[in-house]
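Have a look at the structure below, then the notes.
Chains: A, B, C, D, E and F, in written order; residue numbering restarts at 1 for each.
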Amino acid sequence: MKFVINVLSPSTAPATRRALVFAQAVLAAGHDIVRVFFYQDGVLTASNTQVVAQDQPDIAQQWQAFIVEHQLDAVVCIAAALRRGVLDQAEAQRYQKDAVNLAAGYELSGLGQLHDGVQQADRVISFGGA
Amino acid sequence: MKFVINVLSPSTAPATRRALVFAQAVLAAGHDIVRVFFYQDGVLTASNTQVVAQDQPDIAQQWQAFIVEHQLDAVVCIAAALRRGVLDQAEAQRYQKDAVNLAAGYELSGLGQLHDGVQQADRVISFGGA
Amino acid sequence: MAQSVLLISRSAPWAGVNAAEALDIALAAGAFDLPLSVLFMDEGVLQLLTQQQPQLLQQKDVTAQLQALPMFGIEQLYVAQQCLNKRGLAQSPLALDAEHLDDTQIQQLIRQFDHVITL
Amino acid sequence: MAQSVLLISRSAPWAGVNAAEALDIALAAGAFDLPLSVLFMDEGVLQLLTQQQPQLLQQKDVTAQLQALPMFGIEQLYVAQQCLNKRGLAQSPLALDAEHLDDTQIQQLIRQFDHVITL
Amino acid sequence: MTTLHILNTSPTASTQFSSCLRLISAGDAILLTGEAVQALRDGSVGAQALSSTNALCRLYALEDDVQARGIDTTHIGVTVIDYPAFVALCVEHTRVNSWT
Amino acid sequence: MTTLHILNTSPTASTQFSSCLRLISAGDAILLTGEAVQALRDGSVGAQALSSTNALCRLYALEDDVQARGIDTTHIGVTVIDYPAFVALCVEHTRVNSWT
């Protein structure tokens, strides 16, 4: 089956870790992940400036490693990201901001990408809140 | 009277705008603001990479302008900020991150600064949630 | 045939950007001519009230987005009657022509869609 | 004389970093020898339960912080009895020696402090 | 030695109301801000929850939040205040308890 | 044509439970994740809310979340599942409704 997974919470929320473990289980079961879409506060998960204490799990880093390892299509909603200060090189330049903080492996794009994923998916599942 | 104001929400939360209008009213009434302390998700308000659509109010920018104009002591909890990816030059260097996104006028420091403010204050008031 | 989506919007219009970001999903579906319906429930029913002045709060105003829904072809709009009742809004005029549904009707509604996105 | 603070902790220990960040405020007060008391109420009472295994959730564990409270001189700990009752925890053993208070006692408690910080 | 309690969530969305209302003392004040002003709507469950507290403490609501939501407050015993009065209310009470 | 409803907030902290329980159809399933597993504690208000739904639909809970909180589930009719079973549950039902 084809899954779309929506991540709506920052990396500090347990929902974002549940989304990751679920996504790993989806692949392990032989299913496909058409797209992971980061929306609302979920866009903060895609920032590469988060610093986690050494004795604690780094869920943002784990998400990024998972995306890169499996070459997943990881789309971060551009409007939600701008609003919350998550920028790639192009957007930082466009808005004359000094910092670029979108982690490698993620792509900024529009909500059309959510719908495009949904149209291809057998199941759509969101992880948000706490 | 001396006030300490705690900001616990990001700039998109109406609580953060209420905190600002309240702080302006505190000064207008002739009271003092000993310190504004940014904690929990409030540290995101101090990021300078947020981009707001032109037809919409930029509460993060308004907070920063208010702090600079009145030379307020605006402290951002360093542990909460690191966790959420808000870094000054020194922390970005220490953790080898490329992006520096703490806005001018804010200072990263510890929770001791919250207590130091509280000990000087007649009133402590927090703005968090939505 | 395109897959259908039911968007359940549960956030108040003045409690941050959640309500606006949910409506953006609906408008994007309309722009791509996809079949999407919106159910307003819980705090989300407050988005439909008239006589609001969000400019007093310097906040992103969802009114324009709501009015754009029909223009974008998003015309299947529903509101949970029980959620209006609890908030003293049983008789209030609504800004949009949304169909009032009781709980049983909402149960039936959910079963008609390929996907549900609750925000 | 130092001003006293009542910290009211209302967050569950596994629902993100809120509970841990509230406890950090208490520990910092202890480090500076300031008079701070903690009242656990609402979801916050769950922080006091024993037999928890947060490592299963790869989450910041508040147990170490809780155990550090007395070492940092934060010894005035209170828990709202009614909040335990609602959660089926009236008889549960607690990890810390917190005084159980009913609503009237909490009303009296609040009046004893210079400042209240609810998180 | 009274407390100003500040609420900011809807009575139909969170437990802030029930928790706060249990802990107020005579002479305390409650200030409704943000979505908490929804409790002022006539016939709502929030208005019912508030009705029991009127004898015990004064009820205030932030003007911007009331007006932005088009809420009629004539049926309920509430004092609608602006931000300068909000500051004065903090001064008037011994401490502020913000329920966030 | 059944729906898997996923809850993730505590029954004592939000309205997710009451809203979801009103909208489930016969044959639907409810999966408790995160703080929603608090509803499984014996004698809690959450357990009371769930008791009325048992006849209508199956109740599941995520193992990690149950064990991390040290919750005893022997007294209540719930199936405790791991992540592979969570995925299978999504496949088994027609759609997933995550209450976030």
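Here, contacts are C-beta pairs under 8 Å (C-beta built on N, C-alpha and C of every residue); 3 or more make two chains touch, one makes a residue touch a chain.
What you see is a predicted model, and the numbers here were worked out from it, not measured in a lab.
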Partner chains that chain B and chain E have in common: C, D
Taking each chain's C-alpha mean as its centre, the one farthest from chain E: A
Remotest chain, chain B as reference, centres from CA atoms: F
Which of D-E and D-F has more C-beta contact pairs: D-F
Type of chain A:chain B copy interface by residue overlap (half), same or different: same
CA centroid of chain C to CA centroid of chain E, Å: 28
Separation of chain A from chain D, taking each centre as the mean of its C-alpha atoms, in whole Å: 34
Chain A and chain F: spacing of chain centres that average the CA atoms, whole Å: 25
Touching two or more other chains - residues of chain A: 8, 12, 14, 83, 123-124, 126, 128, 130
Sites on chain F at which at least two other chains make contact: 12-13, 15, 34-35, 64, 95-96, 98, 100
Two or more partner chains touched - positions in chain C: 14-15, 17, 42, 57, 59, 115-116, 118-119
Inter-chain touch pairs (all): A-B, A-C, A-D, A-F, B-C, B-D, B-E, C-E, C-F, D-E, D-F, E-F
Residues on chain D engaged by chain A in the complex (per definition of touch): 14-17, 57-60
Complex contact set, residues of chain D against chain B: 2-3, 5, 17-18, 21, 24-25, 28-29, 31-32, 34, 115-119
Footprint of chain C on chain E - complex, ascending: 10, 12-13, 34-35, 38, 41-47, 64-65, 67-70
Residues on chain B engaged by chain A in the complex (per definition of touch): 10, 12, 44, 47-52, 82-87, 91-92, 95, 97-101
Residue ranges of chain E in contact with chain D within the complex: 1, 3, 15, 19, 22-25, 94-100
